[in-house]
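Both complexes shown next keep chain A, but they swap its partner, so chain B is in the first and chain C is in the second.
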Partner chain A sequence: MPLLSVVDLAVSYGSGRDRLRAVDGVSLEVGRGETVALVGESGCGKSTLGRAVLRLEPVERGRIDFDGTDLVGLGAHALKRLRPRLQIVFQDPLGSLNPRLTIGETLAVPLAVQGIGRAERHERVGAMLAEVGLPVGSDRLYPHEFSGGQRQRVAIARALVSKPDLVVCDEPVSALDLSVQAQILNLLVRLKREFGLAYLFVSHDLAVVRHIADRVLVMYLGRVVESAPSEALWSRPLHPYTRALIEAVPDPARRRPAVPLAGDLPDPRNPPSGCRFRSRCPIATARCAEEDPGVREIEPGHAVACHLAPTGSFETTVRGGTP
Partner chain B sequence: MTAPSPSAPAAVAETAARPSRPTMRALRALVGSRPAVAGLVVLGLVALVAILAPFVAPGDPLAMVARPFVRPGVSGAVPLGSDALGRDLFAGVVHGARASLVIGLAATVVGLLVGTLVGATAGYFGGRADLVLVRLIELFQTIPNFVLVVVMVAIVQPTIVTITLAIGIVSWPPVARLVRAEFRALGARDFVLAARAAGCGDLHMMLREILPNALPPVISTASVMVASAILMESALSFLGMGDPNLVSWGAMVGAGRDSLRSAWHVSAVPGLAIVVVVLALNFVGEGLEEAFDPRRTGERR
Partner chain C sequence: MTRAPLLLVDGLSVAFPTATPVRDVGFTVGEGETVALVGESGSGKSLVASSLLRLLPAGGRIVGGAVRFEGTDVTRSTEAELTHLRGRRIAMVFQEPATALDPVMTIGRQVAEVIEWHEGASRRAARARAIELLDLVRLPDPSRRVDSYPHELSGGQRQRVMIAMAIACRPKLVVADEPTTALDVTIQAQVLELLDRLRRELSMGVLLISHDLGVVGQWADRVVVLYAGRKLEELPAERLFDGARHPYTRGLLAASPRPSALGADGLLTEIPGQIDGADRLPGCPFSPRCALARPSCDDRMPDLVAVGPEHTVACPVAPRGGIADAVAVGR
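Let's look at the complex of A and B:
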């Protein structure tokens, strides 16, 4: 049984004509010790999905089975007991730390909630800060006294201090300098091995995801359009959107510049009929406007939501379509 | 794999000995503002005089101690002159400071408590609670403040307690609006989400995560609230609706009103006291607002 199993999850805001379905029927699984990445443009619902898994967003329908318990139907008390096992690291490390608490106080909060005594709290906080590579004495400082990379180390320590099984990493390196990004990613990889963590890694940056993910889910307008093991996704992307994303990754070896995807993300309040990607798809046919392509498994572990995959015509259309 | 050895923050060594609480930094900024410091000095002196009133001006300030209408600077016994009944204006101003400061501060505390409670509840829980409480705030804001105070004091006996409560009751709505807005904005911040993900209860979220970050604008409002409470109490006493057993600046101004043409100093002396204290409070309020400005301290984004 996977550690986390999300089935047909939908998250929406507002009601009536203004209803915005940020996540619309997504299913995914994260195994113990596995890193699953969610990629897509801003506004595709990947961050919302990550937060919804922690029950930080209003769930409209669906199941979130965590270690055999459905979090959606869970009462406040039972949810609170499970909270230490599900944690989150946010994108902006300064915004995710309370400016009026010292680092030591911030890290003690998750432990205090569990009713852990002062002495043990202090010990575990100190050990965790050392684990993420912060100098002794950091616990007495305030967030503004650290650099961006160090703040993200603090945020990671806060997430891990309660000994979670699953950590949602919501764009954890996007706000950091490139040189610091690598440090934080390496830290995440090391901590994952050390503590046997599973990550749900939300990112718009495919280069980052390639470095860290076992499996990748590509999201577009609140839906998963392709999911595959990391290597398969890179070597044989099946969905035209995935191809466009991969082409957009800067690559000095490539001779010709990437062809950017035409247009902007459509209004999620009013998504296109049929396939949601058809309004920007270079190979869309008449069928795409009428029929919603469900997610089909093309080969074990590799699923895609596209009418045209993986036929031969698909291959040639894409090659011929781009000059 | 890079070893997790980021260069230690340059600040660690020094700041470990000198913890720079965000509040301390704001206070340092306040001390840097000249009008605010002047205001603080004036308020400190007034408070000292009010506390030491029995020693600064011994005896009953309502006793008749001199001829009526002695002008200021004429008699050494009554340096600021005397009023129509021959009462010492200096003693009146000194003892009146007690009433003004006590009512001003106490009414502000009442207003802050009610306003923060209502605003925090509305802003944190949102939804239906918010809807109802915002209507309540609006209801209170549509009634002219001073009229409401007059009505409340007219119904019950005008004592220092009822006057304080009445002023407190009309002064909470702006606080509630402010606190509600702060709670709404801060409630959506990542550090609050992180606390929720840690399993914190509503009380912890409100008191420990959100409230300390919502307080700065409330604190700078508070000093202006004290000023307006003092003005309201003065106006009330001026109209003769204050506590009759209490020496109050407003009552003194009101008593001098009949002889304004012949002996203007009877009204002017306590009136000046009101102006000075209210001005000082406004200076401090402005200084606080600047000191807490996030663009200055750079701690909130």
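Let's look at the complex of A and C:
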């Protein structure tokens, strides 16, 4: 049984004509010790989905089974008891750490909530800070006394101190410089190995996702358009949107970029009929406007929501578009 | 190149009361050429860009060097001469189009105002020209969109409007400061392609400021690598990936998450430490984080030495060979 199993989850804001369904019928599984990435551009619903899994967003419908318990129907008290096992690391550690608490105090809060005594709290906080590579004495400092990279180490320590099984990482390295980003990504990989963590890793950065994820879900306008083991996604992307995303990543080893995807993201309150990607898709047909493609499994573990994938004409159409 | 370059920055230093975040930086941009300034936070790349139009933040001033644009030293220009230069001869595109545009004025008015101000055009003529420009930057349906407000446009469309304003007076040089950092990757590709097309069609020089090695490697002709206010390396962009010599440039390439950058343990090659305080060091600012540093690196800043065509490196111990060796060295 997977650690986390999400079935047909929907999250919406507003009502009537202004209703925005940020996540619209997404299913996914995360196994113990596995890293599953949600990737996509602004407005695709990846962060909302990541937060909804922790019940930080209002769930409209669907199930969230965490280790055998459905979180959607869970009352506040039972949810609180599960919280130590479900943690999150945000993009901006300065905004997510309390500026008026020392790092040691911040890390002790989740332990105090669990009723852990003072001496053990102190010991576990110290051990956790050492684990994430912060110098001795960091527990007495305040968030503003750290650099951006060090603050992200603090945020990771805060998430891990309660010994979670699942950590949602919401763009954890997006605000960091490249040289520091590599330090934090390596730290996440080491900690995952050491503690057997599972990550739900939310990111817009395909290079980062490729590096860290075991499996990847590509999202567009609230839906999953493709899901696959990481290597399969990169060696054999099936959805035209996945292909366009991969081709758009600037690569210093590749001089001239491919033809960029045309157009802008449609208004998410009024998504296109049928396939939501069709208004930007270079190979869309009349059928794509009429019929929602639904998710099909093409090979074990590799599923795609596209009427036209995979077909022989696919490659030439995407790569040979007009300049 | 026999003619004088469009822009020549020579020995530029920028100081604030308590720090000197740009020290002795020099490079050129030729007509129709794209030159990239690449570096992380604190590299001084945006300060260099602001210096070109003398738009430094409060307290900052140019304390050394020259900025020659079409032969004139901008550091000695009067305020009236600068006004002539800004927008008309040198234009800027900023990172955040949402804050650079006026939220309560239509985009058409904002583009037209540039034309009225700089060229004395009538309101009617400026509006017609604004529609032409919005069409040139491929804003969909320009004759209708000219009356839109910034919030009615997407981030990519707002950046197209910023570019339309920048090219309104046919500048010779466009300074694009992280023009796509706030945009999604598919929109980034559209905007970079637009800038490159306009560069060719209007034979403008482009100074592209970026932290993204992928972007500069793909779109620039030459790349200037800055770290803590110092220029460490300059090389042709097509050589960036295989030919970079400076340990910092190679470290950045090795730290980029790409399959070829992974070690056997599945980890990225880290650059240890952080940039803080490096701008106060008398020697090479990168030496505290450099695996190859020798004691002499801390004594004085190494000179930039030519190591190949259009390729200079400020590192006496810079190794040869491709990035694969850099990964090996880093371990």
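In the analysis below, the second predicted complex is superposed on the first by the 314 of 323 C-alpha atoms of A that agree within 3 Å, B and C clash if a C-alpha of one lies under 4 Å from a C-alpha of the other, contacts with A are read in each partner's own complex, and residues count from 1 in each chain.
Definition applied: a contact is a pair of C-beta atoms (placed from the backbone, for glycine too) under 8 Å apart; a residue touches a chain by one contact, two chains touch by 3 or more.
All of these numbers come straight from a predicted model, not from anything done at the bench.
On the superposed chain A, the two partners chain B and chain C both fit, without a clash.
Of the two partner chains, chain C is the only one touched by A:41; chain B is not.
Contacts of A:99 after superposition on the shared chain: chain B is touched, whereas chain C is not. After overlaying the two complexes on the shared chain, residue contacts for A:158 are found with chain B alone; chain C is out of touch. By the document's definition of touching, of the two partners only chain B reaches A:138; chain C does not.
In the superposition on chain A, A:250 contacts chain C only, with no contact to chain B. Panel annotation: after superposition on the shared chain A, the angle at the CA centre of chain A between chain B and chain C (CA centres) reads 80 degrees, nearest 10. Touch criterion met: A:181 reaches chain C, while chain B stays clear of it. When the two complexes are overlaid on their common chain A, residue A:211 makes contact with chain C while staying clear of chain B. By the touch criterion stated above, A:5 is placed in contact with neither chain B nor chain C. In the superposed model, A:279 makes contact with neither chain B nor chain C.
Least inter-chain distance for chain B and chain C in the combined superposition, rounded to the nearest angstrom, is 5, based on C-alpha atoms.
The intersection of chain A residues touching chain B with those touching chain C, taken from the two complexes, comprises 147, 149-150, 182-183, 186, 189-190.
Interface residues of chain B facing chain A in the complex, by the touch rule stated above, are 1-6, 8-9, 11-12, 15-16, 19-23, 189-191, 193-201, 204, 208-209, 212-213, 298-301. Against chain B, the residues of chain A that register as touching in their complex are 51, 54, 56, 79-81, 83-84, 86-88, 90-92, 94-102, 109-110, 113-114, 132-135, 137-138, 140-142, 144-147, 149-150, 153, 155, 158, 162, 182-183, 186-187, 189-190. On the side of chain A, the complex with chain C involves touching residues 41-42, 147-150, 177-183, 185-186, 189-190, 204, 206-208, 210-212, 244-245, 248-258, 260-262, 264-265.
Partner chain A is touched in their complex by these residues of chain C: 40-41, 154-157, 184-190, 192-193, 211-219, 237-238, 240-242, 251-253, 255-260, 262, 266-272, 274-276, 289.
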